[in-house]
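To keep things simple, chains are lettered A, B, C, D, E and F as they appear, and every chain counts its residues starting from 1.
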Amino acid sequence: MKSNPIKKKLSRGQPTLGTWLSLGNLHAARVLARSGFDWITLDIEHSPFDWREIASVVASIADADCVPLLRVPDNSHTMIKWALDAGAYGVIVPMIDTVEQAQAAISAAKYPPRGTRSAGGGMHNLNFSCPTEEYYRRANDEVVVILQTESPQGVANAEQIYAVPGCDAVFIGPNDLRFQMRSPTGDFPTAEEHEQMIQRVVEAGRATSTPVGIHVMTPEQANARIAEGMQFIAISSDLGMLANRAAEIVKTLGIQSDDDIARY
Amino acid sequence: MKSNPIKKKLSRGQPTLGTWLSLGNLHAARVLARSGFDWITLDIEHSPFDWREIASVVASIADADCVPLLRVPDNSHTMIKWALDAGAYGVIVPMIDTVEQAQAAISAAKYPPRGTRSAGGGMHNLNFSCPTEEYYRRANDEVVVILQTESPQGVANAEQIYAVPGCDAVFIGPNDLRFQMRSPTGDFPTAEEHEQMIQRVVEAGRATSTPVGIHVMTPEQANARIAEGMQFIAISSDLGMLANRAAEIVKTLGIQSDDDIARY
Amino acid sequence: MKSNPIKKKLSRGQPTLGTWLSLGNLHAARVLARSGFDWITLDIEHSPFDWREIASVVASIADADCVPLLRVPDNSHTMIKWALDAGAYGVIVPMIDTVEQAQAAISAAKYPPRGTRSAGGGMHNLNFSCPTEEYYRRANDEVVVILQTESPQGVANAEQIYAVPGCDAVFIGPNDLRFQMRSPTGDFPTAEEHEQMIQRVVEAGRATSTPVGIHVMTPEQANARIAEGMQFIAISSDLGMLANRAAEIVKTLGIQSDDDIARY
Amino acid sequence: MKSNPIKKKLSRGQPTLGTWLSLGNLHAARVLARSGFDWITLDIEHSPFDWREIASVVASIADADCVPLLRVPDNSHTMIKWALDAGAYGVIVPMIDTVEQAQAAISAAKYPPRGTRSAGGGMHNLNFSCPTEEYYRRANDEVVVILQTESPQGVANAEQIYAVPGCDAVFIGPNDLRFQMRSPTGDFPTAEEHEQMIQRVVEAGRATSTPVGIHVMTPEQANARIAEGMQFIAISSDLGMLANRAAEIVKTLGIQSDDDIARY
Amino acid sequence: MKSNPIKKKLSRGQPTLGTWLSLGNLHAARVLARSGFDWITLDIEHSPFDWREIASVVASIADADCVPLLRVPDNSHTMIKWALDAGAYGVIVPMIDTVEQAQAAISAAKYPPRGTRSAGGGMHNLNFSCPTEEYYRRANDEVVVILQTESPQGVANAEQIYAVPGCDAVFIGPNDLRFQMRSPTGDFPTAEEHEQMIQRVVEAGRATSTPVGIHVMTPEQANARIAEGMQFIAISSDLGMLANRAAEIVKTLGIQSDDDIARY
Amino acid sequence: MKSNPIKKKLSRGQPTLGTWLSLGNLHAARVLARSGFDWITLDIEHSPFDWREIASVVASIADADCVPLLRVPDNSHTMIKWALDAGAYGVIVPMIDTVEQAQAAISAAKYPPRGTRSAGGGMHNLNFSCPTEEYYRRANDEVVVILQTESPQGVANAEQIYAVPGCDAVFIGPNDLRFQMRSPTGDFPTAEEHEQMIQRVVEAGRATSTPVGIHVMTPEQANARIAEGMQFIAISSDLGMLANRAAEIVKTLGIQSDDDIARY
């Protein structure tokens, strides 16, 4: 059975770099999986795919010896079961604000006795290049569960959440965090307030020896976050890379349209 | 950003007319979206689609300058998140019987601080012809939430439900309402009892200044409901139109088969 | 093995009635296959489908005990092989203007020694409810080949074409025939000239004892053509039925948009 | 309306034999549906499909006059609604450990007043060859609900669970049961302990006159379970049959690779 | 009916700028169609798509008021029929080396009497926002046919090919041209020889008043070709933009893998 | 760039063993690609797939370090271009009866100057784990072309056909050969006559030093053919394996249905 390299890197304190898939396109996934990233996350929280193609993309990333992760839409038992049975090497679970939510997510991702994951399926083991029985034996150790901290409530509960056994890393959703910090009248936090909240997550990670990560737009931002000690950095996305480069091209050509609908 | 024309029409007391998609076919959707209806609802409660094609159909309706709505299968945060991130201009939420159910649906459809919708995705703004940031700023005002009243319990709680901020309209599911009115021994309500229940919804709508709608089979029924003051009228469906016309044809030809399996 | 009922009806001089699928939607196909039509033709000449779904639609029609036909885009060996291996009960081949074109189409549809169809596949027999070997033995007798006459050249060669062994019926494409009759400066034929050309096909069919058919829009037109002796009548289509009924509805409601894009 | 033959067989005390679909392939489903099995279950708990293809596979099994069942991922109202609206003749619901879980599953599968299933959709009746109204009238009697017992807690509550009205049969998940029996330190139960737990289900079934079933790998095991009185036997799966036969072939050829990744 | 803006620009001597789709992804197509390009070409010569999704992508580009083109795999009647019936505003036809090949391509793209295109289908007119009859009337004038010159033989015959009525523009395939210029022993042409061959196309275009285009990788190259008088410039592709930006990112991060599989 | 192992084995006189895919299912393909076979052929001559999924299956086989081949429906330039651009390691071309047909197939599979394959696409190189430029440089040497001999005419021309440079192996289609040997009145050849024809192919292969292969149903038959010197042996198929095992199961259970529709 292949081991999960990001599990090792995270536990050794090393940074890992990955990107996001919002297009759900097999060809784009295959190219990015060979580009040098440690892991690739297919986002099924905010992008509309079907499970057949989710499994295809996940398989293609694993077969390229990269690490396929799925960002699920919620912490339900069914979503996490489907994600892992499709052969993902781990799940990223959004909006974990309480210990109970964290426990539910981790339980769904672990076979008994550590959790309540149901035993079945014949794809997960293909992605780990091993027989089913070996997968059952080792999956609890190789599959990662990454919990998102993306609200003030989540930050307030951070240390307790990160201390739940099986929380392999935490991932800051900067966009949702910003929205969750809006005042009752709708004011957004300042950049400083936003960053302070982020730093509280970094501190909680340090206090609990939990690797912390975040989504950034550029490699420069990635390097800055790594310098702060972050270990799980998502840089841009398939769609973002495409749109960024298209924007450069049309700008150079002077043909950019008036509005910038597609500027992400 | 394009504004949502049915939001305006509903708030001005004007009727809106739409139809239902049960086939999930892009070509049929494109044709109907150019036929003059105010809105088109893809029904993912009772018809089996995948999310990739749901998003395609929704996009094609928006791109035709018609209003795409999704009838979701339940009021869960994930279903409403997926529906709106796929770019729907609104959701129709079935079987809202209590204030709590209504609040959950509306919360899932609104970005903070009004609700708990998660910020992300890159399709919604394409359907509204605007950059993501503009979508985030205005989505709470443009996206509609339409709650279904389709049980005696829902009727009993109607005024409180409709008074929940963010309930843009209510939609009667006449079929489910009839089933929910069955006696413990299975007797169906009489047509009069059924209609009285419908009229209680109309009254609750009036009392709370909430637009009311219903699903009808013919344009004559639509006009009758509009005359009663209803504002959100669904007429037939892609499948219904097809089956009705096929039934007329085979009847005229005298080749109708013995059973009438496909008479909806 | 199920026999092909339209083969029998055509050879006995009886009329057969069918319709056209332009949406390629499985649900619509299943409904129409239970509506009383003798046969249903999926049109892959003018509508864009993939072969996976073509086979699904064909299978569902056969399983409903209706007759699935495919209108192929041309008379090539590959297209006819794919159509029949997908389990169609017959092919409708467009624009057959010469004896050579007819022979190529028929050869591709028949196993040796009558033709050059390649032996293989495991779907055709499922649709005929029999083992592969029985299918191989009887397919040449059950599968129909229907050649389209839709140009003046095709009409000029009609008797020789229809006399080619294996031409089970001919089908007039009235639309293409009208376009092919345009003068060098682009003038369309008059309705009378068009109808005279159609009647020449009827006569050639009579002279060669070949069943003749045509595509019509209404059951009244169908009955008129049957009265003329035609035997293979296509009435409207899934898309046509849908669009017709939608047009009636919006007209009754008075909401028809200015243009009539979707009026087929 | 076609009646559900396995409902009759189960109530008469007869055994029924079926198999599992893990590939979700329409062609494989059509072949197996004609192979003599009483029923075919498409597993959407552990295999990743989209709902469009789920409905296609279910339809093809029904149209072959076999019984299509769906193993859903959980007992939620939405999953069971989607399964039955896609035209399944019944659902197999995993991990039913309590009376409340059983009641929720059964309620979701029955129209009022027996349950809370929502009335709508136009596919279910096609699969039962009847008009929608007839389906609504008889579905509560024809659709089966099969609850899985696959944990010690489920066994402990077995008699109360099976006594819930509408529990048509119970199905042992031997694999999950084994995992759920692991000790806190991860030791698996012995084969004897595992079998004893299975026999407790058999006894609870007998005590409550509820048909019992299990998943087995070989026909010999199937016959042994039938001899014990079991009535709902799943034998292997599409994937299992394929992998077994491939393993025999490569072994005979002497080309088996070192590892045995695909040995299920 | 919408007119084809690139037809006008080309005839007025203005440059047009577009890009290529190799991913066949609807979301990527929608973003690029709003980025300011004059046209977007979906390449079905070198990338594997199905016709259902080809039509979806084409529709989405047209609905965004951009111009959708299809690069077909050959000049066959069927491929060009399918491309235009799917609603493309034009076709790019590869490897046109002779006048006869050019005539076949153009004939397939024009309705009689100018050509042999078959009349049918209900999608093309949706993409041009008009009823079918209007599409039939004006399609010959709005649809563009762009012929590829990509071999020495094509260059040798360039003036005669470009003089064929209906040749709206020519497009140089620089990659194929380079391969076709290989010596019998496999030597590639020098950059100078390659460029000289390209300039011969430019001259033939000038001599016949035919707009000329080419595929380039960067906006700088695009501007250089425009300065030479070229009018139909394809810049990069969805895949190329994605891969370029990914390469920049991983290079900046210092994580680039040893090989550069995905460097296009 | 990965080299093509079957090219080496064939040139060294070693046997290669593979199987056939008729289901077109990614999961089944992934399992079989890990089962020990040298190569896996997806049959797109007799089974209906779309090109998107063809490319997915091909990629998954390559990524499993097995050799993906495509049996194309004919020897046209477009089909062979699509097959190889989808990343197949080779094509199997049916019904090659003449030297001209062989030359056309081989030319389509080779880049200039050896052939006329068009340069483009970004998938083929992913399957060979190399940059595009390296693929272009080496593809002519790594891609295999296997020509089918399956008619008396093909046998008569065998030595000339096999002597065409670039014919890497020949593959007997025993089923088509038997059909092509039918007498004018439809009589099939005897088993002896059939086998004699096969042996003539073996001899022509020996005379021209061309590896010969055939499709067999069992490993015993495979070993017998290897003993005769054959080197390219296809054993059964995904569908055949599934149906064989299902037949064994239902026979053992005594539930086999009367007919044997699904006995391939």
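We take it that a contact is a pair of C-beta atoms (placed from the backbone, for glycine too) under 8 Å apart; a residue touches a chain by one contact, two chains touch by 3 or more.
Being a predicted model, the structure only gives us computed values, none of them experimental.
**Student:** Could you say what rotation angle superposes chain B on its sequence twin chain F, using C-alpha positions and rounding to the nearest 5°?
**Tutor:** The best-fit rotation has an angle of 180 degrees.
**Student:** Could you put a whole-Å number on the gap between the CA centroids of chain C and chain E?
**Tutor:** Computed from C-alpha means, the inter-chain centre distance equals 34 Å.
**Student:** Taking the mean of the CA coordinates per chain, how far is chain C from chain D in Å?
**Tutor:** Each chain's C-alpha centroid was found; their separation is 42 Å.
**Student:** Can you check how far apart chain D and chain E are, centre to centre, with Cα atoms defining each centre and the answer in Å?
**Tutor:** 52
**Student:** Return the residues of chain B touching two or more other chains; collapse runs of consecutive numbers into ranges.
**Tutor:** Where chain B meets two or more other chains at a single residue, that happens at 22, 24, 27, 31, 34, 47, 50-53, 55, 122-123, 126, 239, 261-262.
**Student:** Throw together a list of every chain pair that touches.
**Tutor:** A-B, A-D, A-E, A-F, B-C, B-D, B-E, C-D, C-E, C-F, D-F, E-F
**Student:** For chain F, which residues count as touching chain A in their complex?
**Tutor:** Per the stated touch rule, the residues are 26-27, 30-31, 34, 55-56, 59-60, 63-64, 122-123, 126.
**Student:** Under the touch definition given earlier, write down the residues of chain D that touch chain B in their complex.
**Tutor:** Touching chain B from chain D are residues 50-55, 77-78, 81-82, 85-86, 111-113, 118-123, 125-126, 129-132, 136.
**Student:** Which positions of chain C touch chain B when the two form their complex?
**Tutor:** 17, 19, 22-25, 27-28, 31-32, 34-38, 47, 218-220, 222-223, 235-236, 238-239, 241-250, 252-253, 255-257, 259, 261-262
**Student:** Provide the residue numbers of chain F that touch chain C in the complex, in ascending order.
**Tutor:** Spelled out, the residues of chain F in touch with chain C are 22, 24, 43, 45-53, 73-74, 76, 79, 94-95, 173, 175-176, 178-180, 182-186, 239, 259-264.
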